[in-house]
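Here the chain labels run A, B, C, D and E in written order, and each chain numbers its own residues starting at 1.
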Amino acid sequence: MNMKYSYYPGCTLKTKAQDLEKFALDSAKTLGVALQEQKEWQCCGAVYPLATDEIATKLSSVRSLAEAYQKGEKLVTLCAACHHVIKRVNEDMKHKEDIRKKVNNYLQLPNDYEGECEVIHYLEMLRDEIGFESLAQKVKKPLKNRKIGAYYGCLLLRPSKVMKFDDPENPSIIEDFIKALGATPIIYPYRTECCGGYLAIDQKDVVEKMTQNIFESASKYGVEEIVTACPLCKYNLEISGFGDENNISISYFTELLAEALGVK
Amino acid sequence: MSVEAKETVMGNKNEFEPLIVAFCCNWCSYAGADLAGTSRLSYPANVKIIRVPCSCRVNANFVLRAFQRGADGVVIAGCHPGDCHYSTGNYYTRRRFSLLTNFLEYVGIEQERFKVDWISAAEGNKFATVMNDVLEKVHRLGPNRKLRDARWKR
Amino acid sequence: MEKIGLKVRARAKEALENREVDEVMGWKKGEFWYDVYPVFITEANEADDLIWDAFCVNNLSKYLIQKQKENKKVGVFLKGCDSLGFNQLLKDNRIDRDQVVIYGLPCVGMVDPEKVKKEGLNKGLLEIKRSKDEITFVTKEGEKKILGRQFDYDKCLACRYPNPVVYDELLDTEIAREVSEMDRFKDVEAIEKMSITERFEYWSNQFSKCIRCNACRNICPACSCEKCVFDNVNAGVSSKASVDSEEQFFHITRAYHVAGRCVDCGECTRVCPAGIPLDQLNHKIMKDINELYGKYDAGVDVSQDAPLVTYKLDDADSFTEHGKGGK
Amino acid sequence: MQRIGVFVCWCGTNIAGTVNIEKVIAAAGEMPGVVYAKDYQYMCSAVGQNLVKNTIKEQKLDRVVIASCSPRMHEATFRKTAKVAGLNPYLVEVANIREHCSWIHKNKEEATKKAIALTRAAVAKVALNTALIAGEIGVESRALVIGGGIAGIQTALDIAEAGYEVDIIEKSPSIGGKMAQIDKTFPTLDCSACILTPKMVDVSTHPNINIYTYSELENVKGYVGNFEVTMNQRARSVNMEKCIGCGICTDKCPSKKAKSEFEEGLRNRSAIYTPFPQAIPNVPVIDREACIKFKTGKCGLCETVCPAGAIEFSQEDTKITKKYGAIVVAIGYDIIALDKFGEYAYTNHQDVITSLEFERLTNAAGPTGGKLVRPSDHKKPKKVVFVQCVGSRDKTERGKTYCSKICCMYTAKHAMLIRDKYPDIETYVFYIDVRTPGKNFDEFHRRAVEEYGVNYIKGMVGKIFPDGEKLQVHGVDALTGDTIKIDADMVVLAAATKAKEDAEDLGRKLSISTDTNNFFTEAHPKLKPVETHCAGIYLAGACQGPKDIPETVAQASGAAAKAIGLLSKDKLVNNPCISEVDEKICSGCLACTKICPYDAITSKVITFNDHGKITKRVVAQVNKALCQGCGGCTVACRPGAIDIKGFTNKQILAEVDALCR
Amino acid sequence: MTRVKVIPENKKNIIDKIIEMSGENIRDCMQCGKCSAGCPASDGMDLLPHQVIRLLQLGQIDRIVESKSIWNCASCFTCAQRCPRNIDIANIMEAIRLTIIRCVGNSRLKADDVPSKVDCKMPQQAIVSGFRKYNK
């Protein structure tokens, strides 16, 4: 299967979250998927600019989208924040005429970009393009009876009208992913609650409260490991210290994938 | 075009009172128009409605006659296919006016001047939006000289 | 074609002699090389005047309406396009099938006198003979043979039904003509490419040439109403005033009236004294019907409902956004 | 010369507010054929109508134009007035200068010009009107009620009491509908079964009523007074006559895995089952998906144990076609699916239930015999939380924009019943607004709060976190601004009501329209709440919009009254604006026969003297009784030989000319 | 508590600005409180989200500006996802923040006090988000 995609890493994956990317790329190779990193990509801005008059902060995403579309490939993202920002910007370019006009006027791309490119997250690629069944067949070392809880956070799921990632209140994509790797997924109610995100800078107490709820809920349901797709969530969960208290380890979902495929 | 010239062109555009003749089926679109009225929505006064028992009652001659008598736009509104009070009436409307819309455009009538749409009795605001939309497009196109009977004074 | 001509005469004589029919309709040679006109013969000896040559283009089926009023049994010679017209009349219950005996004549195509004149070959021309695609020009100075169909009517070049689709007897072996479906509506596509103002210019010029002689209506097998709406004053629909909008009204309405019923026999364009390409109107409607509601050839199958008197629940339309219809 | 009278109505200020009446009167005076123009504040009032009557007589008017509100409102009124004054009612036209003019245009000058144009069009049309005599059609004196819930039952009883034959067609194996599932009913708390089952028995024993259960409507042809309905009675696999309803088969049946729809899935049922003990008809039905005999061919135990030998595996669906004069639609409502409301954890926790499931839990004949226990571990809950407006008043696609009307009352009832039976159970109700507008309704709600101590908290629930045995309910008290957490044992969701799944198809079969929420559209929300646009078809109950039982029964009697009014006539005046053929012009192409939805046009051979020769010709002819006047044939008729009286080609062309003047 | 004028004249343009910037119609809100009930960061808020919207409806912009709530909002879109009136409260919170930090000198997160808040493991995603939310 020679599936070729444009790949948008995002800056955090180059520094603080390198193993999120490393394992992803190694696994992709064994799955026969060519993730071609874009030549020139810039920082997506980490948060989607919500105000209606914010145009400049969306340009970097449009450049990547336009380049991917020009090559006729889908754009695969790995970090949850980058996926959130790029997908919502893409939605604006598809539906909001004044944003589309202003961005195209400013960027003067070879041909105007109108949101044609399809943005998919690495997990969506596994689910829709490769399929969890065929992924399961490729697993060399099934992660037998490891109790793993998925931690979705906010940016992949919400707002579901735009992200269309999974059922925002009752997702199953990461659980299916875990099952495909042979492990046993555990569903705990706080898996879709916010970890505090950028409050980590100024309101550490609020983050602490939030992460505490998440860990309590996870441990009550017997979760031993938590996997996530967002570097900031992983940081907030790790820094809170509740992981060690409830001896729950936190890792990126790609680490799990790499381990199961035997490339770790 | 000099500024003054543009004014004059724009000028006569402002006095230009577009006339839109709308054929509305008694069971759905006419009731939709009534609902637009009861909900006090607004669309320009140049739209004048003729009640027909069903959208399948509208003959191509009526449309051509309206253009002959100087109408700048013609609208035909019927029930959504499947909701027709006479069960199959608007299936024929759909075929007849799919051909007529294409044919009139083929003969040189701008597509915006002849609008066919499905408006149910519960869609008061769709009725107003369709009429406003047609008005705005016809206003941009200006008066309709084509198919017009020169002897007819408005 | 002369061989078949003899057969035509023999068959007509035989039919009249043993009273198979009260009357036979065929073609007769006129004064000039291109002049052929329909003729009704009741006596066996008149059959010798009947001919079958490269100019028997008239569609005889429409005369049956009047003949049947005199409730006579009639024998008639029909080409492919004529038989399509016959079927359309049959579908409109204008003629009674049992009162007609049809002698089918597969047709290789009829010669357009205008094209001969344009080539200047009409000087001193006495007669034109044709066998298959070889045309022989008999002039005072002698004979000249030209191979090819460049003199045929445009409608014959695009003919898709050379063999009669309905007949009691077939007087010749069937002919095979391949015609590409792709560029059947080339003329329509050319006009569709014009801008909206160009199209209106084109058609209003064409319509302004119309002198309302009604030749197109009278020849058309699909236009068979007992009393046409344009002849009926109290229908209040249209008048004959020499004002552009009247001709536009007439031609748009007529094209719309024959929608889904026109058999594409091209007669309206041939007979129009003003040379208006009327079939380009009917072709546009045919193209839309084929695109929107599936390929339909009028006059081929009498039992099949015409597109405008039937529907499908999931029909496309060409006026709402989601409607899947064409331009 | 014609003598047309134009009467312009002020409609108080509705028209006069933005239309200059004097100018309209002045303009009307000059219109061709108009000899008299007068205005009045309320033309549809008795005084207004007398003005019209007297003027017709004094001025010997032969045609009348009323410029007022929509003809859909008062065309019939003004036609009656003309008839009383001795003028043929079909020589009256109405110009709609209110809904289509004064109400939508603010600028007085523009509105006046348009009012004059609309009046001129009406005058031009009325000038070409011909006097029409309404024909008569017979009426089948039998009614059909679609749906066997309380609405259908009440309608059928009222019609049957009036002496007419009524057929009830019900999709499920027994009549009773939602009300049969309910324990107690508000506001009087009397037991639902006690007031429903007697009515069900009346229905089954009433000589005039036939019940077709386990049947669906296939198609409907015809029109008011002469509906021809085809029903598909699905095979019950049990012979209705032989079965004595002893119930042995349902006990012995080995296949017990199917979920009981009646018990909202809280209990299983056997493959051969009656939905509930008091089912009418008390004849079981074999669910062919669950039955081992149908699936694998083995078993057939019920056949062997049946004392009456009533089991017939070979039974087939039967088609029944009958004629009806009136049809009443009473198919009731459903509850929305809650799978999209993940925050309430309905799909992944057994103790989060809907109110209908709660009704079954507290119902004595229910799965737990009326004992309130948690479905998960059958323990008695200590804290029960009720959540209101789940999916109601919700503009997103997962919910419904309307208020479902009955949840505030039944939730107050539920909470009160718990507090009454188990005083130690704490009950909380999260609400946005408590809406109790009925008679004794608010007092009922206040009793729940004041006497029974139900805690009402104004604010919605954010999310429910299943936490071991408990359910952590995260809510808010919007009044004090505190976020709230309750460790509840059971949560009851008041889910929004919605129209039945097949409402739209049924509407299409009956050609009555449904609104954007698939509830049936009534002819007029205030003036004709139980009628539809299609004459002879009436609405009763929640299929027309969310409704409680008192309103449903009232509406059912209303619909029955309308149906009785129709059936009481042996002759119906039919719409005279139907098509007619001008045989001189008709060329017999019969395209019109293919278009007519009612197959009202047939062909005939006419013989006539054509300039001395007797000739025959096929022409079309219209069956006056079948034609409904849609006009589809007139466009298919190229020479214009067939035309619709009241909407002739010339009239519409005259209107076009008048509007383009 | 002195009596409040419902929409004080001088506050009208700020309210319209916020509505226009957020693209949301605050009149749609029926004060059901679902946003506040589900807001994960509500513990640290003195004004709950539905109260912020209520104050906007009444034009009491000053009390919102003084509150901590708009800075505690983590833009996690839980409120936007569940609001039955389809209002995106996160947009409104952002619009209010922007009206404050877009005035000169009002930035809440200055560049030079970032080092004190950062530790070696914090991903720069956090810092960039912080700047986007608190600094203009």
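Assume a residue touches a chain if its C-beta (ideal position, glycine included) is under 8 Å from a C-beta of that chain, and two chains touch if they have at least 3 such contacts.
This is a predicted model, so every value here is computed, not measured.
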Touch-network distance, subunit A to subunit B, counted in steps: 2
Chains touching both subunit C and subunit E: D
Remotest chain, subunit D as reference, centres from CA atoms: C
Taking each chain's C-alpha mean as its centre, the one farthest from subunit E: C
Inter-chain centre distance, subunit B versus subunit E - centres from mean C-alpha coordinates, in Å: 47
Chain centre separation in whole Å, for subunit D relative to subunit C (CA means): 55
Rounded Å distance between subunit A and subunit C, as computed from the means of their C-alpha atoms: 69
Set of subunit B residues in contact with two or more other chains: 60-61, 65, 82, 88, 92, 96
Residue numbers of subunit E (touch at least two other chains): 43, 78
Residues of subunit D touching at least two other chains: 343, 463, 595, 636, 649, 653
Which pairs of chains touch, using the document's own definition: A-D, A-E, B-C, B-D, C-D, D-E
Subunit C - residues contacting subunit D, complex: 69-70, 91-94, 224-229, 232, 234-237, 257, 305-306, 308-310
Residues on subunit D engaged by subunit E in the complex (per definition of touch): 343, 389, 393-396, 399, 432, 458-463, 474-478, 481, 483-484
In the complex, subunit B residues that touch subunit C: 60-61, 64-65, 68, 81-82, 88, 91-92, 94-110, 115-118, 146-151
Complex interface listing, subunit C residues touching subunit B: 188, 191-192, 196-197, 199-204, 237, 241, 243-246, 248-249, 252-253, 255-256, 259, 281, 284-285, 288-289, 292-293, 307-309, 311, 313, 315-320, 323, 325-327
List of subunit A residues in touch with subunit D within their complex: 167-170, 187, 189-190, 217, 220
